[in-house]
Structure formats: C-alpha cells, structure tokens
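Two complexes, one shared chain (subunit A), two partners (subunit B, subunit C).
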Partner chain A sequence: MLKRVFSYAFLTIAAIISFFPFLWMIISSTNKSVDVTKGRLLPGSYFLENLSNLLETVDLVPALMNSAKISITTTILSLLIASLAGYGFEIYQSKAKDMVFNFLLLSMMIPFAALMVPLFRMFGSISQTAPFIGIDTFAAVILPTVTTAFLIFFFRQSTKMFPKDILEAGRIDGLTEIGCFFRIYVPTMKTTYSAAAIITFMASWNSYLWPLVVLQSPENQTIPLLISVLGSSYSPDFGVIMTAIVIATLPAAFIFFIMQKQFVAGMMGSVK
Partner chain B sequence: MKKVLALFLVSILFLAACSSGSSKDTSGETKDSNEITVWAWDPNFNIKAMNLAKDAYKSDNPDLEIKIIENAQDDIIQKLNTSLSSGTTKGLPNIVLIEDYRAQSFLQAYPDMFHELTGTFNSDDFAQYKIAPTSVDGKNYGLPFDTGVSGLYVRTDYLEQAGYTVEDLQNMDWKKYIEIGKKVKEATGKHMLTQDPNDLGLIRMMIQSAGSWYLKDDGKTPNLAGNEALKVAFETYKEILDADLVKPISDWSQFLAGFNSGDVATVPTGNWITPSIKAEASQAGKWAVVAHPRLPGVPESVNASNLGGSSWYVLNVPGKEDAADFLAKTFGSNVEFYQTINKEIGAIGTFKPAADGEAYQAGDDFFGGQKIIADFAAWTEQIPQINYGLHTYAIEDILAVEAQNYIKGKDLDKALEDAQKQAEAQVK
Partner chain C sequence: MITVKTKQNIQPMHSTRSLRMKNTAIGWSFIAIATVLICLFYFYPMVQALIMSMQSGTGTNLTFVGLDNYARLLQDPTFLTTVKNTVIYLIIQVPIMIILALFISVLLNDKTLKLKGVFRTAIFLPCVTSLVAYSVIFKYLFGQDGIINIFLLKLSIISEPIQWLTDPFWAKVAIIVAITWRWTGYNMIFYLSALQNIDHSIYEAAKMDGASPFQIFFKITIPLLKPIILFTSITSTIGTLQLFDEVMNITQGGPGNATITISQYIYNLSFKYTPDFGYAATVSYAIVIMIVIFSIFQFKVAGDKNA
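Right, the complex of A and B next:
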C-alpha cells in the first residue's frame, strides 16, 4: 500500500515536471509579452492578437509548408533506405557484414558539428555543377539526413525478432527477394515503421543547425528558423514567439498522437 | 527489382520536385550586378535602419535592388563561421552586421573575405572609439553604425522618495551609486539593478570607462592579472552585491521584466534599451538618464562608456562595389538620413556631423523632456577608444566563473591570476 502511494506521488511529480513547460508554452501564447516576462501563469485573452501579430510579421504558412515538404520527404526516403539496409544486414549472410556494420555504428559517434564544415564545402562545390541540389535548396537539407546509422541499427535490431521462416515459405511459393521484402517484411513490420517514422519526422521537423547553415533565402526558411528570427529583436515579443512555437508543435504532436499506439508497440519489438 | 527501382525513382522525383521549386525562387540570387543582400538582426532597430537607408539610396540610384534578410545575431555568426571557414561564398550576403566585440575575430580569421572600405568614407567623421574594432592594420573594413554608448537610466520617483534628485546623480562614481542605492532600498524597498551572473556587461562597461579591456592593446594577450581597472571593477561589483542592491536574474526576458514591472530603480546599460524602457507606457515621465558612473579611485575613468554596438561589413563577393557605394552614400555620409533614423527609431549613430541636427536636439517626454539623444551623443565622444581584440566572450566565460569564486570569498588577486592562466591557455 505504502509503496503504491510513493510510486503514485513520484509519478505525479514527474508528470507535472515534464508537463509544465508544455503547459507554460500554451499559457504564454495567450498572454501579452510583458506578462510572459513577468511570469504570469494564468491564461490570458491575447491569443488572437498574438496570432495576428505573428501572421503580420512573418510568413508562417510558407515556412510550415517548407518544413512539411522537407520532413515528409526525409521520412519516406530514410525509412525506405534504412529498412532495406537493416533487412539486408540481418537476413543475408556475408563475412564482411559485421565489419561494415561496426563501421557504420562508428559513424554515429562523430558529432554533427565536426561534419558540418566538410558537408558545407561539399554542397558548396556541388552548387557549381548541380545547383538544384546545392546550397539553399531543400535537397541539401534532406540528403545528409536520409541515411542515419541509428535508423539502420533500429531496423536491424527489430529484424532480429522477425521470423525468418516466413521468408523461406515465400521463396518456395515463388516470391523474388524484393518481393519478400515488400510483400512479407514491410506489412509485418508496420509498427516498427511507425516508430521509425515518428522518430525521423520529429527529428527532421525540429532540425535546426544544418537547415540554418544551408538555407539562405527567407523563402526557404523552415519553422525552427522562423522562430529563431522572431527572437532576433532586442525586445522580443514573447507572446508571439510562444504562439509560433505552439503552432510549430501541433503537426509533430498530431502525428505522434495518431501513431502513439504503434509507436509504443514498435519500440517494444514488432513481432511478438 | 523493378519495383524498388521505380520506388526510388519516384522518391528522387519527389525530392527533385521539392528542390527545383525552391531553386527557381532563388535563381535571382546569382548576384547579377544590380542586386545586393544584407543580413542583420532586430526588426525594430537595425533592419528598420537598413530599410530607411534603402529608401534614401533609392531616390538617387533606382537600379540597385537591395534585399534585407532578418536573422538572429547568433544565427548570423553561425552561418558566417561555417561559410567562411569552408571557403564557400555561395549564399553569403554582400553586407553583414557584426557586433563590435566580435568583429576582430572575423576580420583576422578571414582577412581575404572582407572588402576594404578605406577611402569610401571619412573615418574622422565617426566617433574614434568605433574605428579600432572595425579596422585591421589601419585599413577600414567596417562602417561604424550604432553606438552602444551607455548611460544610467534612473527612476526619478524612487529617487525622490529617498530624498535625491537627478542632479545628485550627475557625474558620480560607483561609490556614490552604492550610497544612493542603500538609501533607495531603505525608502522604497526596491533593488537598484538586475544582474545576470553569467553576463558581465556591467564589468565591461566599468573597465571601458577607464580605457581598459580583458585583452592588451595587441588584441591577443589576456590582460586580467594586475589590471587595476578590472580589479576595482570587481571590487565595486562585490560591494554592490554585498549591499544587497541586486535583483538576480538569469536571462534577457527577466532583465526586461525587471524595469518594466518597476522592480528596479536604475538600469546601467547601452542606449539601445530606450525602446524597451518606453515599452511600459505607464511609467512615462518617471525616468531620466544620467551619465554612466565612473570607477572610484581610477584617475583614467570617465563618465562615459559603451555596451555592445555594431557596424556594417562588406563581404568580398560579387556586388561588393555596389554594396560599398550604398553604405558610403547612406550610413557613411548622409546627415539627413541620420536625422531620419533618429526620429523614426531612436537610433543614435556614431557619425559626428549628425549630432547638430534638430532630431538630436529634441526632448523626450517619456524622460521628462530630457534631450536624451543629445546627451548620449555628447557621451559618445568621450568613450575611451580600446581594442576589443579577438577573445572578448571566451575570456568573459572564464571571468564569470572566477567572479563567482571571488564573491564566495576567494582572494581577488588570486582569482584574477587564475583567470589569466586559464585565458592564456585557451587563447594561445
């Protein structure tokens, strides 16, 4: 009994702590900037005013569209590539396999800050021959993030629990290797794909440093960059900033909520 | 196999569709001779000033298209550093705004990337303290823009309650400030100022008023141990804390809230805070600005200092001649233009001939009719000229830690010596 009381008390406190910033963001979006800085914790009546100020000062909708285009493309491409790679690593046997995989994991250890300048140089020189994937294009934002060692690792781990006998059955029934992947593996691993989709979409939606560096023109701005611009002033309007953040959070939150069930299942392993 | 190939092709098409859409938008950015871009921060100040400059220039030179892009200051630094260190000029603007404290680190690290402006404007026309940070080896690279001239913003109503008038605060030193602060605290219960322990702006203003800095004149050697002005500044800082005059804060929004909600009696800072002070309209008539306090017992210290301030730089990319001409004809020489930006946004430039104009002589009712612009302009000319050097913020990070140690009881000379050692190891 006492143990239960303690665990409930602990969980309640933890829930409040993790939920508070979110709540504060929503409350602040309904208050005037001065009240936000004073730390007002009651909902106000300035949401619509903040919203109209926001729409007046920045091009919110194009930035949302840019973010959506980048995130959706990144998610589709990286899911396809990473799942194929993870599948390949687990299903097919080769002596070099483990070495290649370890090498891949090693690339996870390099911080992005160290890769940024060389990457930028690369895209800088691509710009001269193929400007459509060079600096200041969405392709330049998407391409470096479509294959992440983490996702490949994630898919390989999940594939470990995939019953390989089904593949044998498929092969006997005349499926090609690619057919096995698309007709058997993909439908079975739906939950893994959902979890991976959420992770990738969120990372891409919130990604800041690389888009900041590589996107130069305001027309290409993504949502996090736009919010950063809102804070560029000597006396920023915090109410407007909070409103922008609320709007930026909505799509990611929405996707998370509709896929939540699959996400949890996917994180625990898709095949039971 | 065919299927996968098809899927790949579709994805790549999708990717290409996304990117071609955007590259069309930006194809105008191929820097043909009649378009230049500008990066700056703060829509109410720098961006607005740039827009006014654009208007002023347009009447005589209608052909030049000027595109002003707003970025946060930290973002500009990040973008510049990445582009310049990778040697890629693609996407760089023609004109960029850089804070004076950081300018030397850019100019010296990437000497070929900046376009020399010597001769496009008369450097004698500008406040002398702005010339050192914007030039290298006597060559001008930056066109000085706003002054960070500092003053002490004071709440006259709180002072009155403590039995003081604004006259009592003119040209005082920090000793007197503390003395007044104690009385004000007694009479009103209000703190004198807010202070973020990680932001030593106050120390920077104190030492610049004595013509000293974290670095020696060469801009590279740390100047902490044995720096008399710095020592007095730290002692004063501790006295202010010990007298309980400080309301501690941890970020910019709390700094703004401190004076907007009437929690503090004074704000020692740069003149660029004026619009934020005036944002709380209910406090109209309750504020005044007096000269920045000087350091007690330091004969070189004057009643004028500086916090922040920035200048325009032209990057060495196609379009640089146009960009330099644009700057020279607006920020570099146009007295009328300075009157406009002063009237419209309260910006105080460092262009001396502008100080005689009518806008500079106007009184401000929010400050009880005080001619604050004229006062700031007068103080600007007294700011001691120093070389901010390459490592202002790197050293400040070290000093902030040692300042805490000193406040907790560490011997000051020891603290500064330790800071000196760390700084020397880091900036080598």
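Right, the complex of A and C next:
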C-alpha cells in the first residue's frame, strides 16, 4: 500500500515537472511581459496582442516558410536515399557491400562539431564556382545532413522483415529491379517510412548549429535561429518570445501526438 | 514446369553470368548515392580537418605547422576548461538521468498502475521540443526573478534568490537540470520497451523465493537491461561530448567560461573570434578521439560484467 502511494506520488511529481515548462510557455504567451516577470501563472488575454507584436518585430512567417522548405526537402531526399541504400544492402547482399556498409556506419562516430569547420570551408570554396549551392543557401543546409548512416541502418534492419518472395513474383510479372523497389517495396514499408519521416523531419526542423554557421542573411533565417536571436535580446519581451516558441513547437508537438507510435518505433530502430 | 526447363536448357552459361553481373551492378547502383554522399560529407571533411589541424593562421591564409597545434592544445587553459566542464556534465548528468529514467520506467511497468498513459506521455513530452526552444524557456525559468526562484522563495527553501545564470556553480547546475529534463523521458522509453519484453514469470519466481523489491531491481532488472543501459549511456555520452545548443542559448558559455563546452569552443574559434580554422580542427579531433575512447571503454566495461 505504501509502495503504491509512493509510486503515484513520484510519478505525479515527475509528470508535473515534465509538463510545467510547457504550461508556463503557453500561459506566458497569453500574458503581458510585465506579468510574466511577476510570475503570473494564470492565463491572460494578451495572446493576440503578443502575436501581432511578434509579427511586427520579426519575420516570423518567412522563417516558418524557410524551416518548412528545408525540413520537407530534407525529409523526402533522406528517405529516398536511405531506403534505396538500406534496400540495396539487404536485397543484393554481398561481402563487398557489407564491408562498405560497416564503413558507412563508422560515420556515426563523427561528431558534427568536428565536421562543421571543414564543411564550412568546403561550401565556402563551392560558393565561388556555384553560388546556388554555396554558403547562405538552403542547398548548403540540406546537402551535408541529408544522408545519415543511422537511417540507412534503420532501413536495412526493417528490410530484414520484408517478404522477399513477392519481389520474385514482381520480376516474373515483368517489373524491373527499380520497378520492384518503387511498386512493391515502398508501398509495403509504409510504417517504416513514416517512422523515418518523423525522426528526420523533427531533427531537421529543430536543427540549429549548422544553419547558424551556414545561413548568414536574415531572410534565410530558420525558426530555431529566430528564437535564439529573440531569446538573447537585451530587453526581452517575454510574452512575445513565448508566443514565438509556442508557434515553433506546435508543428513538432502536433506530429508527435498524431504519430506517437511511429515516433517510438523510429527511436527503437536504433537499438535493434 | 516445361517452360522453366526449356529456359534453363536454352540459356548458355555466359548469359547467366552476365545476368548475375547485371544484378551486382544494379545492387551497387542502389547504394551508390548514399555511399558517395557519406564519403563526401563525412569522411572527406575529416581528412580535410586532419590536414587543417596541422596548419595555422587566420582565415584562409594557412601555413603548415606540423604538430604545433596539438602542443598548444595541451597548454590552452580555455580548452582544458571546456574538457573539465564536459567531464563534469558527463559524470554528474548522465548517471542521474539514467538512474531516474530506469526508476520511472520500473514504476511505470507495474501492470496494476492506473493513468499509465498519462504519466508516460507527460514524461516523454519534453523530447518533442527543439533544443533551442527549451533552452530559451529554461533560461527564463532560471532567471533571477524567474519562476524557479519565486517558487523556492515562497516555499522558504532559500532566503535569497539564487544567481542561477551568473554564478559559476549554479550555472552548471542549471545546465544539468535542463538537459536532464529534456532527455530523461527519451531514455525512459527505451527502458520501458525493454522491460515489456522481460518474461513476467521471472519476477513471480523471485517473489516466491522471497526476494525484496530492491533485490529484484538490482539482481534481475538491471542485469537483464544491461545491453539497453549500455546503448543509452553511449548515446548520452556522445551527446554530452557534443553539447552546444543548450549552453549557447542558456548561458552562452558564461559566466566567464564556467559552462563552455568543446563544441562551443570550436564554434567560437571559427566564427566568433578571429577565425583560426587550423586550431579549431585540432580541437575537433580532440572530440573525435574522446568519443572513440569513451565508446571502447563503455563496451569493455559492459563486456567484462557480462562474462
């Protein structure tokens, strides 16, 4: 009985601590900055005013559009590249390909902090010949992060469960190898694709360090960059900042709630 | 049947071989794009970084200096501070978070527990926030007039507001609390799914034999979860070694350099101070080496206890 009470008490406290910052963020977005600093914990009626102040002070909508463009492109390309590779490594398995696979996995050990400087210089020199994929372009944000060994690994693991016999059936029906991939594999692996899509989209939507390094002009700003700038201002308007964070967090939170299962499945993919 | 037989009979040897060759070529073409891109954006930059780490100078005017940068590294007080800070985060934050996550997942794994879904969702929710967004929120929560100080003062736990972000000690505490808040639920999900795979009869048998809950936890649950605990501690260690977003947005590495991390130092060396790409690359290699050492070390530790 005592154990019971302890369980509930501990979990309730943990849940409250986990949820409180969200609650504070949402409440603060409806209050005036002065009230936020006074520690007001009741919902106010200033949300619309905060929102219009926010839209006046920063380019919120362009930043949302930039983030959306980058994240959607990254997600589509990542899924295509990684699933082709994961499928290739598993279906056309050979000793040489397994060696390549293990070599690619080594890239998971490389921290991004170590890549940032050489990548910056690489895109700096590309800028001189091909400015459209050089520094301060979306292509420069997307290209280095679009292929991850983790996602290839994830697709390869999932392909192990894929019934290979139906590929044979497809070949007999006259499908080419690439046809088998697009007509049979992709439709069968919908759950794997949606798990991978969530993980990739979230990572891209929230990424900060590389865009900070490579995107220099204000009109290319993404949402995390915008929030970071707002958060470091000397005279912060708390209501406005919290409104921005609420808007930036909403897409991720929304996706999480409708696709919680796939999200967890995607996380688990790294353990298998 | 007949068609298959005739096909096999008709096709000459070299044709099957060329078919196999064709299939191999198709197989390689499936993995080509990914392989090229990973080589181009992971391995090639690492080679570049190795060359750069033996060069020095400002901006693009780099000259070869051999191992001078590595000698400088060992005497650089800022670098040593970043390593010290990172080690502090590692040895304090990672164990606290893992124990907390394990404990919560064991409580949640109770079959008779009500509101399980509510607790689980609430504790997992921090994982959906972007690192920048939650960092900014925590920066204000920990402000001098922030809600955390207001709470602690009202509950009379403290008599004066704590200088969370301007005191070297409390700033580290704030960073550790923030990271723990963000990642405990993430680790909990891994433990929960591993716990659900454990056969319940093992626990029944242990209870029959009169094992206490503590004994069950340390003698059964922990050993069975060892692979997943190892996995989460490696990912947490690697994550902590690369810490950037939080520190950049909560304390900006301050006060002084009290919370600065290695990643942030690399960023400062390349983009904040007068750019010294050569030395920044040298610091980068320090992180790579640390990640490799920690991974090997953690595998060894787990391997020994398994035997």
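Assume the second predicted complex is superposed on the first by the 233 of 272 C-alpha atoms of A that agree within 3 Å, B and C clash if a C-alpha of one lies under 4 Å from a C-alpha of the other, contacts with A are read in each partner's own complex, and residues count from 1 in each chain.
As a working rule, contacts are C-beta pairs under 8 Å (C-beta built on N, C-alpha and C of every residue); 3 or more make two chains touch, one makes a residue touch a chain.
From a predicted model like this one, the values you see are computed outputs, not experimental measurements.
Participant: Answer with first, second, both or neither: which of subunit B and subunit C does A:Ile247 touch in the superposed model?
Facilitator: After superposing on A, A:Ile247 lies clear of both subunit B and subunit C.
Participant: Mind working out whether A:Phe138 is in touch with subunit B, subunit C, both or neither, as first, second, both or neither?
Facilitator: Once the two structures are laid over each other on A, A:Phe138 reaches subunit B alone.
Participant: For A:Val186 in the superposed arrangement: first (subunit B), second (subunit C), both or neither?
Facilitator: neither
Participant: Now for A:Leu115: first (subunit B), second (subunit C), both, or neither, which partner does it touch?
Facilitator: In the superposition, A:Leu115 touches subunit C alone.
Participant: So, does A:Ile166 touch the first partner subunit B, the second partner subunit C, both, or neither?
Facilitator: It touches nothing on subunit B or subunit C.
Participant: Can A:Thr57 be said to touch subunit B (first), subunit C (second), both, or neither?
Facilitator: first
Participant: According to the contact criterion defined above, which of subunit B and subunit C contacts more residues of subunit A?
Facilitator: C
Participant: So, A:Leu175: does it touch subunit B (first), subunit C (second), both, or neither?
Facilitator: So A:Leu175 meets neither subunit B nor subunit C here.
Participant: Pick one for A:Thr37: touches subunit B only (first), subunit C only (second), both, or neither.
Facilitator: Both partners, subunit B and subunit C.
Participant: Touching A:Ile26, do we find subunit B (first), subunit C (second), both, or neither?
Facilitator: A:Ile26 sits against neither subunit B nor subunit C.
Participant: Which residues of subunit A are in contact with subunit B in one complex and with subunit C in the other?
Facilitator: Subunit A residues touching both partners: 36-37, 39, 84, 116-118, 120-121, 178, 209, 213, 228, 231-232, 236, 238.
Participant: Could you please specify the touching residues of subunit C with respect to subunit A in the complex?
Facilitator: Listed in rising order, the residues of subunit C that touch subunit A are 23-24, 26-31, 33-35, 37-38, 41-46, 48-49, 52, 60, 103-104, 107-108, 110, 113, 118-119, 121-126, 128-141, 145, 147, 150, 181, 184-186, 189-190, 193, 213, 228, 231, 235, 238, 241-242, 244-245, 248-249, 252, 262-263, 266-267, 270-271, 277, 280-281, 284-285, 287-288, 291-292, 295.
Participant: So in the complex, the part of subunit A that touches subunit C is made up of which residues?
Facilitator: Within the complex, subunit A contacts subunit C at residues 3, 7, 10-12, 14-19, 21-22, 24-25, 36-37, 39, 41, 81-82, 84-85, 87-89, 91-92, 94, 97, 100, 104, 107, 109-122, 143-144, 146-147, 149, 152, 177-178, 181, 202, 205-206, 208-209, 213, 223-224, 227-228, 230-232, 236, 238, 241-242, 245, 248-249, 252-253, 256, 260, 264, 267-268, 270-271.
Participant: Name, in rising order, each residue of subunit B that touches subunit A in their complex.
Facilitator: That would be residues 1, 3-4, 7-8, 11, 14-16, 18-23, 25-27, 29, 41-45, 69-73, 75, 78-79, 82-83, 85-88, 90-92, 252-254, 256-257, 260-261, 272-273, 275-276, 279-280 of subunit B.
Participant: Write out the stretch or stretches of subunit A touching subunit B in their complex.
Facilitator: Residue list for subunit A touching subunit B: 34, 36-39, 57, 66, 69-70, 73, 76-77, 80, 84, 116-118, 120-121, 124-125, 127, 131-140, 142, 176, 178, 182, 209, 212-213, 216-220, 225, 228-229, 231-236, 238.
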